[in-house]
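For reference, the structures are reproduced in the following blocks.
In what follows, chain A forms one complex with chain B and a second complex with chain C.
Right after this comes the complex of A and B.
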């Protein structure tokens, strides 16, 4: 966490209003009725030093209770062997890095991390591409644009579990719309094809749902970015002979690069810790082949009640995401510097 | 100084909001606690309130019977309240484990026989102090940890072969006596009845899969002192897994690979499948879901495997009082009420279970019904239990190791390797 600096109270007597003639304005911009000297005394100290902290206290307390404490507790737990007795009376056994050794040596867990990374990257790419295309579409003027805009944004409003359930039925082997529609294609007969039996087809189906749910956010953000670019810049590029693709690649996207990076970071975090859609559609099966880290964490932690291993999985995912975020943030800084 | 006042006002508001949120949160807790706390019982009479959890295999009739029990009991004991909650078997164990861990438990609950030892070892269940000759010995054994019983036998439930008598008659088939017969019949159905799946074989169905190890002549695990040794990784065990996987691939809808028996049953209920290994509750559910099946279902003993055995898993349930209950007296009284033979048979006859007491079995009219009689014979002559240990429960927790092994075979892992991995899981879990 970045070091928090409180804005220093202006002390320079040269600053307008802080001394001399005219109405005195204190650091909150309020008119100080009392002479400035008095304001610097006891009440000044309270206003400058104590009040800001008091005002920040609720936020600090909330962050501590909801973020910091659970984080530290999970980290500490990941070095223990803890089962149901831990929940009942707190009994746990310190085992050092054993949980982590298991994660990095066990084929299943290693595979789960690789799967999560590959699936996450694919989903981020899909989301960015679809989001960009939709944003470009909505950036054009055409009749019924607002209707199209509302419709394309709707998936965002659907809860992940509901979306998973609906799409599970759409992908149903026999009753599903997807198989029936695809079977209209010449030479294709998919009736009875079970999408969720094989990890590739299962992840393809889940990936479609994930992208379907996350592109609207990217599209809206990019659209806002497009509209903030002054038309003169694009006009100038046009005059210089740049075609539409060149304008997008060489002008629009470079201008919006920090925004794109932020969207990539957010999408990466979302898609790496994906849970709901996978849980609803495959539950991680068959044979644990469609498990992603979040599913495995729940299966080990809350299913088999190996809370220590579950915590270690969660911490590992946290560290991976933190590393990715740091990398991106550094990239943005270098780009913009 | 309007700004300063504004700040003061905001701060006051903030403190007020925080305090009221805290008060509401605490108040909420109090209310909940108050609802569960029961006034002290009057002398000689029962009073107060209990929460009762009953497992629900997806049968509307079951809920009717249980709700009637609660109403009758409340009528006979004014001043008492019995809150019944129905818990689906799928994921049901998690509910219990979470309840035990948090202390927010039901007062009385139905606990599956393979769960009772695990809950007891966690300290979740109140020991049963009385003894009763009437209780079925196998169910008493299943609920005993270190010679202490933790649940009173309620009913026994087991599976047999359920098949479509009309399809078998039409094709001139006899109910299969052996695995080979079953394959012959299934192949013929597949060839002559397009649109009908010969058999529902779900990838996630432990109580069909593991008994096939017994039928093949193998064992799941053997005990020597305190140590368990896996035995599924024998030629018999491998044959069971290999056969199950083959049946799944040849006879069952593809999508049943990742389904449990409750989900996979749907095509059978819809009249789109000819055979299903299931319990009496599956027969009643199929008839309820699809009245067309009323006179088209028949049952047979589980076909005999190459090991000369037809054994299935003798399941069932206990009625257990929870250690953290705050009205054990009322819970015990309601349990006693449920176990009276004339009350017990209302439940067992309706659902097709067998009572967990000898008097209940004698009172029952189930054995007069040929469909139900099969389950009785299967239970009496061809059933056994999984290793009785509190650790067994881990093997029935999702993702179940046996399910993972079976599914990975269907996905292409060698039988040898998959079964070996399952054996390893058995030893890790039972000795862990």
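Right after this comes the complex of A and C.
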């Protein structure tokens, strides 16, 4: 039986976003003490002054060209009216904030943003709760724990498109497993219930798929955090009369709070930009009622070739995500300061 | 054992069983559906253990597009892994070893990029692809996946490089190696576990990506597996048996790959996070 060796996390991990917080982990390991080798020879100069930049260049050039430049271009494009001619020769007409006024006044786009936020928050909550419960379970000693831990992680590896497809079949109205299993419950008859014909039930089904795929990451991260907390701290709380729930709420979670915040940020970004599962399971329908921002961006940009409006939708999503991230990073800083 | 303890133990096993069912049932049902007879698939009472096994759908899915998409996906994924490993290892090594000016900002940049969803960039990227005639090419997809997977790959690998004592390279260079030789002969073999973790990250990114592949490959010849799966599923009356055969063949390789390396992947993410 393969034993799942969980990574030993540091006592006080210097998490991304909490830079500078906590004791300075010696990030260079053994090398912090040694001064950089300053070669005087030509080879020394090349090795220490030129080579580093040459080695950095390809990766960062790729990132600049395909992430940073397009990011700026999206912003610029969002103030323009750009259609098919933009693709041909870059022709676009400057229209100021007109795309944004359309987004904020049009009922459909407004609804899309509200839907995305509500659905995203629900998914983050669901993922965090399921992830926490799974991490608590895997933190117990029981036979077969290592096998359960590996099985738990599996949904994480599945391509979102495949996961959406498989769950669409599970949620099938007549022959789907979900309706059959639920109908075994007394007083429930769901055979023939079409989950994807109604907005709420469709989002419930999509949300289950999203949580199914994202709780493993949260669970593994939290478990690594649990195992890094020194047993003495928990033992001391126990001696002082704290029960299991109090130990979790008053000791474990406060220690892990920065990690929890980072997981919330990562999950928020994942769940707000969701596309694959929605595209596969409902395609945004019926009557555009299950569209989220990513789906609408593709529909307006590529479906209707309104690239300016698509860019404005994308920028708005980006700003929302950036604001949320900043908010949480601030919270982490304040609480760990 | 007091009654409460026994109850607690039972509770743990019940919870573990529920968890395993939630995690595994979709996999079981996927594989099962793909080998059932049509009569067992569309039925009023679900069949959990079929009497008859039907493997024809696998051959059929292969003929109806799975084979071509598999070749495309493998090409895209392996190229992304190879190119990504080289670029990420170079950059991670420098960031772990040298006091570069603006080093803190470089890492901040890496993390920021990690936070930009693909959907935000898809329209300008499409423009670039049209200009450079990259639509429907595998290398077009590769460079986008590289740009997106590199930040996290660099971040992870950097932790591994930082955990290798610098004295080892210094010794090699005192013995007459150039820095490149020292990296190649001394450092890279020592970070092999990190390279393994990074390669699975790159592979899964390229293998699973959908939104770019969907919009940037319109020719069926250029489509990767996720796009081919949605085309195969189609709309309206769906042949679920065939679709599940297709899904099974697409999911099983990643799952096996994942089982082989999951320990290294989780260690890699944590090492990356801990080493500054």
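To be clear about the criterion, the second predicted complex is superposed on the first by the 277 of 337 C-alpha atoms of A that agree within 3 Å, B and C clash if a C-alpha of one lies under 4 Å from a C-alpha of the other, contacts with A are read in each partner's own complex, and residues count from 1 in each chain.
FYI, a contact is a pair of C-beta atoms (placed from the backbone, for glycine too) under 8 Å apart; a residue touches a chain by one contact, two chains touch by 3 or more.
The structure displayed is predicted, hence computed values, not measured ones.
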Touched partner set for A:87, first chain B, second chain C, both or neither: both
Which superposed partner A:302 touches (first chain B, second chain C, both, neither): both
First (chain B), second (chain C), both or neither touched by A:140: second
Chain B versus chain C as contact partner of A:288, first or second or both or neither: first
Touched partner set for A:204, first chain B, second chain C, both or neither: neither
Chain C versus chain B, contacts on chain A by residue: C
First, second, both or neither for A:236, with chain B first and chain C second: neither
Which of chain B and chain C A:172 touches, first, second, both or neither: both
Partner chain in contact with A:329 - chain B first, chain C second, else both or neither: neither
Which superposed partner A:58 touches (first chain B, second chain C, both, neither): both
Footprint overlap on chain A, comparing chain B with chain C: 28-31, 51, 55, 58, 87, 172, 174, 283, 302
Contact set on chain A toward chain B in their complex: 28-31, 33, 51, 54-55, 58, 84-85, 87-88, 172-174, 192-194, 196-198, 282-289, 299, 302-305
Parts of chain A lying in touch with chain C, wherever the complex brings them together: 4-10, 13-17, 19, 25, 27-31, 34, 36-37, 43, 47-48, 51-52, 55-56, 58-60, 62-63, 65-71, 73-74, 77, 86-87, 90, 133-134, 137, 140, 142, 144-145, 148, 150-163, 165-167, 169-170, 172, 174-175, 177, 180-181, 191, 212, 220-221, 224, 269, 272-273, 275-276, 279-280, 283, 293-294, 297-298, 301-302, 307, 310-311, 314-315, 317-318, 321-322, 325
Residues of chain B touching chain A in the complex: 1-4, 7, 11, 14, 18, 94, 97, 100-103, 122-123, 203-204, 253-255, 257-258, 394, 397-399, 403-405, 407-408, 410-411, 413
Chain A partner contacts - residues on chain C that touch it in the complex: 9, 12-13, 15-16, 19-20, 22-27, 29-30, 33, 41-46, 87-88, 90-91, 93-100, 104, 106, 108-111, 113, 115-128, 130, 143-144, 146-148, 150-151, 154, 162-167, 170, 173, 178-180, 204, 207-208, 210-211, 214-215, 225-226, 229-230, 233, 235, 238, 240, 243-244, 247, 250-251, 254-255, 257-259, 262-263, 266-267, 269-271, 273-276
